[in-house]
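Below are the structure tokens for one structure; questions will follow.
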Amino acid sequence: MQASDNILSAVRIDKGFPGTKALDKVDFHLQRGEVHALLGENGAGKSTLIKCLTGAYRRDGGSILLDGVEVDPRDTFDAQRLGIGTVYQEVNLLPNLSVAENLFLGRQPRRFGMVDNRAMNRKARELLSEYELELDVTRALASYSVAIQQVVAIARAVDLSGKVLILDEPTASLDAHEVAMLFRIVRRLKARGLGIIFITHFLEQVYEISDRITVLRNGRLVGTRSTADLDRRDLIAMMIGRELAAEINAAHATAAEGEPRYRFRNYGRRGRIAPFDLDVRAGEVVGIAGLLGSGRTETAEVLFGAHRADSGTAEIDGRRVELSSPRAAIRQKFGFCPEDRKTAGIVGDLSVRENIVLALQARRGWTRPISRAEQNRLADLYIQALDIRTADREKPIKLLSGGNQQKAILARWLATEPEFLILDEPTRGIDVGAHAEIVRLIESLREKGMSLIVISSEIEELVAYSTRIVVLRDRAHVAELGGERITADQIVEAIAAANERRVS
Amino acid sequence: MTSIVRTYLARLLPQLIALAAILIAISMTFPGFLNLEIQNGRLYGSLIDILNRGAPVVLLAIGMTVVIATKGIDLSVGAVMAICGAVAASFITSGHSLFETLLITVAVGILCGMWNGLLVAVLDIQPIIATLVLMVAGRGIAQLVTEGAILTFNDPGLIFIGSGSFVGLPMPVVVWLVFGVLVALLVRQSALGMLIEAIGVNRQASTLSGVLTPVLLIAAYMLSGLCAAIAGIIAAADIRGADANNAGLWLELDAILAVVVGGTSLLGGRFSIAASVLGAIIIQAINTGILLSGFPPEFNLIIKAAIIVFILVLQSPRFRTAFAFLAIPRRAPKTTEQEAK
Amino acid sequence: MKQKYLPLTATILIFVLSYALCAAQYPNILSTRVIGNLLTDNAFLGIAAVGMTFVILSGGIDLSVGSVIAFTGVFLAVVLEHTSMHPLVAFALVLAITTLFGALMGMIIHYLEMPAFIVTLAGMFLARGMAFVLSIDSIPIKHPFYATLKGLYYKLPGGGRITLIGGLMLLVFAAGILIAHRTRFGTNVYALGGGTATAKLMGVPVASTTVKIYALSGLLAGLSGIVFSLYTSAGYSLAAVGVELDAITAVVIGGTLLTGGSGFVAGTLVGIFIQGLIQTYITFDGSLSSWWTKILIGALLFAFILLQKGIIHLSRDARQRA
Amino acid sequence: AELVVGFSQIGSESGWRAAETTLTKQQAEQRGIDLKFADAQQKQENQIKAIRSFIAQGVNAILVAPVVATGWDEVLQEAKDAEIPVILLDRTVDASDDLYLTAVTSDLVHEGNVAGKWLADTVAGKPCNVVELQGTTGSSPAIDRKKGFEQALSGHDNLKIIRSQTGDFTRTKGKEVMESFLKAEGGGKNICALYAHNDDMAVGAIQAIKEAGLKPGTDILVVSIDAVPDIFQAMAAGEANATVELTPNMAGPAFDALAAYLKDKKAPAKWIQTESKLYTQADDPMKVYEEKKGLGY
């Protein structure tokens, strides 16, 4: 391979953390005008490699060449100046700043030495219009949904990238429409000769957009291939080091029989979600579909008591219950994996073990501590069962890779042996192997008689495990699909129909 | 078991080293410093003075540790000390029994803590400001009780708490030792410690996991109030009078400093009561050392600041990573062995 | 109206309301004298509070302010007494020292990753300790230049005065507002308050911003010290004890979150006025004992915070219903 | 109309000051004066604010107990311009004396001097090591009482101040510092006398001496300043030897001078010095205690 083709080269990059060798002499070459997918299981070292390339981490060894010249970005500011724009895995924008300020932080247009807010806002609106986003750019970023924040982060990185654009799981919280838009932009940049690094766990997207693929496993380079020459099966084998037993079966589960165990009537909260009726049987998975901001997360939060419902009633087995707080819900054997794991899920400084036992301990009350031996047993059990990649159970959870954090939170709820489990985007950021495992897990939980509500932006996945699907639009429940109607097409149609109605 | 002891010691190592260094430094400038003798059936010496004089800050630091672990801070403890000292003095002088007096005083302290806790947990006011309210008003309340004068008392029981001794140790030392052990056992033998740490690190995630966040927050401030009450009783008993104007003045800063010297982060989360107690003792050792040194008082603050900065710099994450390099050679052979296999 | 202006508006509303209430009881509060006093008497606090606002916006805190004010005063007094240096030169010198002092604290906070609370607490001990070492006596400043500066005021009808230092405070606030909202540095300060790690990933120069923030706070504390020395024509090592807490209170009453990232410099000005108003009211009343004074200050502080919360809460609800 | 007088008090940092406040209020009430009281919480800036507020209110006269000597020219000038007489209580200021009507104070240096003289007379030439508990570092009583005491000791080579530390005017610190003095000086064997800048520190130190197994008043002589009730109890018990009175009734003479001035514009003397009376164990301490007990100390 000619060095001149390579816009960015990383040679023998080493990076170790206490107890972990995150990168072990990894080579990586990015060519001009290519989309290069960087793949691997959770914890393989993808994010770490990115951070070493952009100076967010100091690498322990190896060199980085940009346009054939050795560079050494000391921090992301340096990297930006070199023309490397990056979207990091967790949304890394500042929620307290306005959208426009987030977009132009550090390079605000100035007039007479002062920041020209009007020009900045105008440019921000222009920039976002490319993404079909019409926002009030002077509002705080925090007032927008995760998805919108993600688009803003992408817009910022694209605007910053003169030579290289790095996207670390940018599509995790985006729906099909936004993904398509993102890809249009990526193709345009590619045509302009930029090199683009793209990390994702969605293999369809890899095949749709990428030219080459590099796979990492356990911090080591497995290999780089041309996408066209690598079929899916081989790719998965490269990633997990073995053949995946079976891919997600497309046939959906059969509807459960019998009386609904959980009955919500006219349930809702003003300003968050319009009152809805919902029945869930034992051994049933209710999938929730909808566009971004349609109110899926709100539905989950109201059901779990994270936001108290202000209308309607909830019944379990015909018995009225008050789900006024998460505690009350947990007492009724509810569980809830929130979508935003960074702020609502993980307790960063605590160990993996403590994160796993947290909900169980909270339910037992502080006077009845779970013995250390029992904690260790639970932690080890779930670390093994969910294949959580961690050096040991005492590692602070914030040091785990994103996907492994997600699994640990799932473990937290499984440890409480819930009867009603709400999963908001449980597979976000989870690798193919683990993805299949989680889908299998959902099915086995259902078979054991648990009731589940699963929110996902991946329609295929919803089809795979849902026995019924509720479609949301504009913070209201608008359609319900059951039985034979649970197909990807039908769901898309239901969402689209809703959309059309909105337009008219 | 031994591994638990070892992790415990490892956690306390920086504080122990700092304390040892300070004690050595003092004993070099003042030779009689380490002498201990038995006098009137009690231990007597500068080391005992440090433990004894440190009592209020140690007690405040115990409560402060828990509050800080929840990502809070309690600026009102000095004022609560004054209130409780005043209450104790006024009850004992108005003829109540020692038991009643202590009970009421402790209740008042807990009440003060509850007030703070309610502001923080229920009204969602930022801890510094929430407790600032009581810091400002509290001393006024204490003065209201004593009417600005020093309320002296002669009750031998109450005085005993301040200057009596038990198994050779001054009573304040016994009180904080026992209380510290009790609190440490309470938080570590129950699940409280972990739940408090969880709240401190991520309140939202904890609430969503079913942790009773508001109650635990209020409880943390109540504990801090209780600690302040005991500290207030000791401070009053020590001088046989309640000095509402000066009791506990600026001690909140010393207590916070003690917690930080003890290595607990002001951002909440992981905490260690034992380390905070050591931190408080370190600060008292500095104070006592300055007094023994015979420098003119103009220099007190500068010396204290310099030593504290020095200790904190040694403890700072940057220095610890540098220190960790020294520790690596011990582990390195093991990794190479593993790789060889 | 924008969500983010809510706390500021609430604060202004509360101030106007309580001013009206006070005036209803003591009409003299409306006199230009009281208004002039509000500016002059709080000038040093206001200037220090501007620096504090930046520090708090960035998620930090600066406890050294009061001590730095005292140090500045003593330094000026000693220098002007023992040398023939012109006060303006002395001002420049002392500002350089306090700015450097702030920068040093900023460096320790950033490079050694130590919490601001503790670093500045040590700074507080150190600055006051330095003041003690310079002189424990209170030293009058009798330089004629001081008299000249004090003679500069604009007389309002009714006996009130806008003094040089009162005007200076307003200028500093104006500059502060400009820096906070119209410079890159200002946005970077807010960025740090939103999260240091994220800000770093977004390419904010965290190190230099942190150092600049504390240097600015040191500079303004020094300026505040100069103002204080003009105000009292003296240097005294025990002066301005606890001013940092007053400044923090003003910043928070002004609607800035102590956790950083959200708030306004302008709010701090209102916070200062509210505190000044409380004091004026208590003096006008004149019947409170020492202890009731403290209790009332605490209670009013509480009431203001509560009112602010209430207003914000109500208008948020109203918006949601709409 | 009724006389309105503003009183800017330093704060309430000690029992003595509380007594001064009480007596000022009492005196005002007796004379039918409407007293506007403002507590400055130990801060000069608050005192200046209070005086300005008094001027804005248009009071007839102002009493100030200045927290520090310097920094009053401007605000006093404003009062003068508004033709409001100002009377200083218990401490003087470092300003031209035409800016205020009069100052009712004791002489802080003199107090220290009286204490020192008593000690010199009492030990009568025998060698004696003295330890000193200073007031709050930088406060004028601490500076002046130290100065006066040292003046009295100069020329008495038998008297030597061997240790001097601040006890912040409080009992707690007085006790703590005394403990360290005792440790540092051979368990107290080298100490012959204690001089404390106020009685509160002395009371704390007395306890420390007792707890160290020594007899205060005999093994170690104790002399202090203020004459608060509690020190008389200690003197009655033989644990303290002498105290120099600083009367809390500064307001009485001040109001008298004010009344005379308002009646016929007769300016009083610029300095009305209160007596610095020395009390020893011979002065029937219990009786003085009973007299002083009710004064709000």
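All chains are identified by letter, namely A, B, C and D, in their written order; residue positions are counted from 1 within each chain.
Please note the rule applied: a residue touches a chain if its C-beta (ideal position, glycine included) is under 8 Å from a C-beta of that chain, and two chains touch if they have at least 3 such contacts.
A quick note: this is a predicted structure, and the numbers were derived from the prediction, not measured.
S.K.: Can you name the chains that touch chain B as well as chain D?
M.R.: C
S.K.: Comparing the two chain pairs, does A-B have more C-beta contacts than B-C, or is it the other way round?
M.R.: Between B-C and A-B, the larger count of C-beta pairs in contact belongs to B-C.
S.K.: If you average the Cα atoms per chain, which one ends up farthest from chain A?
M.R.: D
S.K.: Please report how many Å separate the Cα centroid of chain A from that of chain D, as a whole number.
M.R.: Taking the average C-alpha coordinate of chain A and of chain D, the gap between them is 71 Å.
S.K.: Express in whole angstrom the distance between the two chain centres, defined as the mean CA positions of chain B and chain C.
M.R.: So the centroids are 30 Å from each other.
S.K.: Using CA atom averages as chain centres, what separation in Å is found between chain A and chain C?
M.R.: It comes to 44 Å between the two C-alpha centres.
S.K.: Going through chain B residue by residue, note those that touch at least 2 other chains and give them in order.
M.R.: As it turns out, chain B has residues touching two or more other chains at 143, 147-148, 298, 300.
S.K.: Give the residues of chain D that touch two or more other chains, as numbers and ranges in rising order.
M.R.: 12, 18, 21, 137
S.K.: Name the residues of chain C that each touch 2 or more other chains.
M.R.: 132, 136, 289-291, 293-294
S.K.: Can you name every pair of chains that touch?
M.R.: Every pair of chains in contact is listed here: A-B, A-C, B-C, B-D, C-D.
S.K.: Considering only the defined contacts, which chain B positions touch chain C in the complex?
M.R.: 119, 123-126, 128-129, 132-144, 147-148, 253, 256-257, 260, 265-267, 298-306, 308-309, 312-313, 316-319
S.K.: Note which residues of chain C are touching chain B in the complex, please.
M.R.: 108, 111-115, 117-119, 121-123, 125-126, 128-130, 132-133, 136, 245, 248-249, 252, 257-259, 289-299, 301-302, 305-306, 309
S.K.: Help me check something: in the complex, which residues belonging to chain C touch chain D?
M.R.: 26, 28, 31, 33-34, 37, 40-41, 44-45, 132, 136-140, 150, 159, 228, 231-242, 276, 279-280, 282-291, 293-294
S.K.: Quick one: which bits of chain B touch chain D in the complex? Just the residue numbers, please.
M.R.: So the residues of chain B in touch with chain D come to 30, 32, 39-40, 44-46, 49, 53, 143, 147-150, 152, 163, 235, 238-241, 243, 245-247, 249, 288, 291-292, 294, 296-298, 300.
S.K.: Going by the contact rule set out above, which residues of chain C touch chain A in the complex?
M.R.: Within the complex, chain C touches chain A at residues 2-4, 178, 181-184, 186-188, 190-191, 193-195, 198-205, 261-262, 320-321.
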